[in-house]
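Common to both upcoming complexes is chain A, partnered first by chain B, then by chain C.
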Partner chain A sequence: MATVSSTPIRPELVCPAGTPAALKSAVDAGADCVYVGFRDETNARNFPGLNFNRKELAEGIAYAHERGAKVLVAINTFPRAGRADLWHQAVADAAGLKADAAILADIGLIEHAHRTHPDLRLHLSVQAAASNPDAIRFYAERYGIKRVVLPRVLTVQEIAAVSARVQPVETEVFVFGGLCVMAEGRCALSSYATGQSPNVNGVCSPASDVRYTETAAGITSELGGFTINKFGPNEPAGYPTLCKGRFIAADKASYLFEEPTSLNTLAILPDLIKAGVTAFKIEGRQRGRAYVAAVVQAFRQGVDAAMAGLPLPDIDLDRITEGGKQTTGAYEKAWR
Partner chain B sequence: MTNPKLTLGPVLFNWKPERLRDFYFRVADEADVDTVHVGEVVCSKRSPFFDPIIPEVVERLTAAGKEVVLSSLALIMTDRELETARGLAEGGGVMVEANDISVAALMAGRPFVAGPLLNIYNEGTLAALAAMGAVRACLPAELAADAVATLAARSGVEIEVQAFGRLPLAISARCYAARARNLTKDGCQYVCADDPDGMEVETLDEVPFLAVNGTQTMSFHTMDLLGDLGGLAARGVGRFRLWPHTFDMVAVAALFRSVLAGRTAVAEGESRLAVLCPGAEFANGYIHGKSGHLFVEADD
Partner chain C sequence: MSQGHTRGAVKPATPPFSPVLLLGMALKPVRPVVLQPIFDAMLKMIRRRHPDILERMADYGDRAVCIDPVDLPFVILLEPDPEQPRLTVLREVDPGSVTATIHGPLGMLIALAEGKVDGDALFFSRRLVIEGDTEVVVALRNAIDGAGIDLIDDISAELGPLARPFRAAAGAAAGLIGRMRDDFETLRSALIAPAVKDVDAQGMRIAQLETEIKQLRKTARRGGVA
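Coming up: the complex of A and B.
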């Protein structure tokens, strides 16, 4: 078992912003860092009406910096063959606008950023799926990566061991929000059904391929023509995210991969702090400012209480979680 | 354009050791493939069963004139898995396929194969891996022909494309073969062995959709690039990968070889493949830039 320093670091709270308004909400609610993306396929939340143009990013960085918060720019899809210019420009603009770091996933893009923008701080996106110390050290030693966002596949104990062994590389873990059950950046289920994937297009289970059909029996949700779930007349119909659907396998219908549920680690924050994690990440750049404000406030209180050794606040986040259900995912070994 | 080569990928499923050994021995004796991959890619819990017979399988394949490649695990999380990867990288003169970036890092400075479960989407990444020692790269299933051609135009790295079999689509820390039977991963009873071609997954409307191979999620459809072999070869693809299934893989390899060499027309090849793969539905959508489950008819 790895040893952990007796004076735990105060983890930075890294919060999502899909719009300038959400950025302000996050900063005002106590975010230490806000992460954003450009309005194109260079980031993994490439949804209509979301993200920042260059002017908005410059204003957002100014707003955050005036209030002591940082802005990280996610450029975390995999550049298309022959089209890397768009991604290179995104990195150049993040550097030029003095973003505090760029969050990257693709080895080629990381190599480019390291070579061309040596002063730009680089974080390794969860999409890079660096799940062990050797993988993390590879990115640190070769390309100067300063922080790794760990895949949501590790237990708290494993997170502690990895964090201790990759120092001085910082580790960041997800604490709240949408939950990939597959190793992130290594899943092509979405493009198998729809032709569009997180790695290539920055979208998973895209809305353009979603259809709801209503009959007397209830509502059927489809993705790319495949039925993802069926709901009774009085049941709320959830969004058909592929891996949260109901399927038939081994002669029974079930949520084979995962139920519609959100990650919520509020109750285990002290364990994650003890694990030596540098930053806590909240998922949800596609969510509105009300979500951002509520979750950031809750986790601000949670981190502050945990650091002070006080009881954790009992905050009900059911309203804003997917399907109203919550899980601690892989962290508490439930997946083993 | 030189004649493209054929690779038999590693068996991704949990086959009994006797079945695996018999399979590889038959491949050594009868299969017209240039390269054969051996090794556990999906779940380290399976390795203890197959590891003891690897040396004799490698020896038999090598003696039969096949190039042998040892494939690494795809998702490396535990110290034990990392130790296994280090052992693999220390090698013994056998080529290694890296399916996790940590294995590529361990191989740096020596020749290795960059596997299909690494994310190679563009020239920058291909160049970075080539600089580390990658001599061959098997590309991710998602890539369309134009992207493949762009990567193949880069000299120095041989480009391989997945051409037959269920496609590996996702890998997880969680085991869905166990979960489907209300078991935990730690107490899985190796139920993945019940489905030697993967556990079929249907929608609630009973439309076949996916297949589960333990912690790996695959396509229900069987990838079939028979109609695309010529075009891809002309655009610089150096080899094609066939994923092992319980179908007659010796016959499948012979058919791919025959179509590649122009001895069998694509249309005839398709009907013969359908006979060789009873119950299979074929797909080639990705290479045509469409959803992976679709099948686009050949022009001729």
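Coming up: the complex of A and C.
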């Protein structure tokens, strides 16, 4: 079992919260930071009934700060032409409510935030798809970006190389949760099928366009009227996204882009720590507080054990993974 | 168990063999209207203690949702109009009269409401069945999960001086149900043990046959005699 011998940086555990109750669960379970979004299309989890109004965010920040945790506000969609006010207001409110940072993707919004709220710490969202030192240094030098969330396409070795070359810019990587197969921030599959884009409207495969039909043969999932998957009676299901659809090619139904699988790096945390990563991010603002509590507790134990040079905990997270399966994804690129 | 549901071509979640299933059978002769005051009180409590649920559901006020505890002979109709919400217990609901239905065992639905289990995980594992308008179901799930409901705490807070005995009774009931659930599981395992043994044997035989077929195909491809 892998352990860490000497690790100078203790990574922050950055945890998701879609609701005030989930924020409390995350903080109570040991999150160093919680990231949240406003209840509108300024964030990439603009789902029905989810997210925070301004009062809830103020209360959430107070709850977290009283317990030594930070709150980051994701304003990580791309402003629509003529509607930038909504995004500008979100940045102003994040700053006004004393959020610890804003997570932004759009270069115009980053410029606006840097110019109008110079005291607001800025993180570069994974949606910006900055995956090499030149791109990251540009954002840092021009707009004062302090941290970059790296796209989920790099190996651990590549992450180590990028982290070393962009210092003092901090790097944050995903350690658990759903995966996107497309270049981050550049996916058009959902908008092709539903007219709504994760990058602009903040919603991938909007629930309003999803239909499930259960029969004795199993469940059929449709997105925007397209049948995208069929699961047998006891087969684990996944999210109704086109990238995880099962399509028939050469008379064989298979996953062409990606299988329903969750990222889980619990076993390789020491490698990521050695790579010089500053923060570990857990995906899943759309998930319930039971998920948040379970995953945050597992990774709190994992990070603490790795930092102490102890064996990593063997925690089974199968029951909360998509499709009941787990992968280390691009970090190890085991398929090569 | 043939219960009252929004049944159509849909196969709802199978009820687990549990104490609730027996309770459901015992409750079959009871008319839903007799239970209605419990649900009226529950709605009143939710409005008072968790007003944010209806606030989060504001965009979906005109969309009725049927909640179907598959181990009980009733369904619950939720009409989330923020001004005049209604929670009605019925024997069954016409599928055409609701925008969505959620099927699942009672214990799981309560655990979901209390944030003890993750809704997506239940869906992935197929223990929760959803039909109809997915948007209102997602909104309801998020609204309830976000409220931080704790049924024992919530009911205790409504009972004033009776809170302490209620907590004691609830704790004893939870312990009893837990023990009964264990006993039911033992009973279930004993009842199905012969069938499981047969299925295991059949599975092994099928795996053996599949290996033989693969071998024969390989031989045939090489031009050998199968």
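We adopt the following convention: the second predicted complex is superposed on the first by the 312 of 336 C-alpha atoms of A that agree within 3 Å, B and C clash if a C-alpha of one lies under 4 Å from a C-alpha of the other, contacts with A are read in each partner's own complex, and residues count from 1 in each chain.
Definition applied: contacts are C-beta pairs under 8 Å (C-beta built on N, C-alpha and C of every residue); 3 or more make two chains touch, one makes a residue touch a chain.
Everything quoted here is computed from the prediction, not taken from an experiment.
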Worksheet item: So, A:250: does it touch chain B (first), chain C (second), both, or neither?
Response: first
Item to complete: Applying the touch criterion given at the start, work out whether A:48 contacts chain B, chain C, both or neither, answering first, second, both or neither.
Response: second
Item to complete: Could you look at A:226 and tell me whether it touches chain B, chain C, both or neither (first, second, both, neither)?
Response: first
Worksheet, complete the sentence: The answer to whether chain B or chain C touches more of chain A is B
Worksheet item: So, A:112: does it touch chain B (first), chain C (second), both, or neither?
Response: first
Practice prompt. Mind listing the chain A positions that touch chain B in their complex?
Written response: 78-84, 105-109, 111-112, 128-135, 137-138, 153-154, 158, 161, 181-183, 185-189, 191-195, 197, 199-200, 220, 224, 226-230, 243, 246-250, 252-254, 256-257, 330, 335-336
Practice prompt. Could you please specify the touching residues of chain C with respect to chain A in the complex?
Written response: 9-12, 56-57, 59-60, 112, 115-121, 123-126, 129-131, 133-143, 145-148
Practice prompt. Quick one: which bits of chain A touch chain C in the complex? Just the residue numbers, please.
Written response: 18-22, 24-25, 47-50, 206-208, 210-216, 219, 231, 233-240, 260, 286-291, 294, 319-324
Worksheet item: Of all residues in chain B, which touch chain A in the complex?
Response: 74-79, 81-82, 85, 100-102, 104-106, 117, 119, 121-129, 140-143, 146-148, 150-151, 167, 169-174, 176, 179-181, 184-186, 199-207, 209-210, 212, 217, 219, 285-286, 289-293
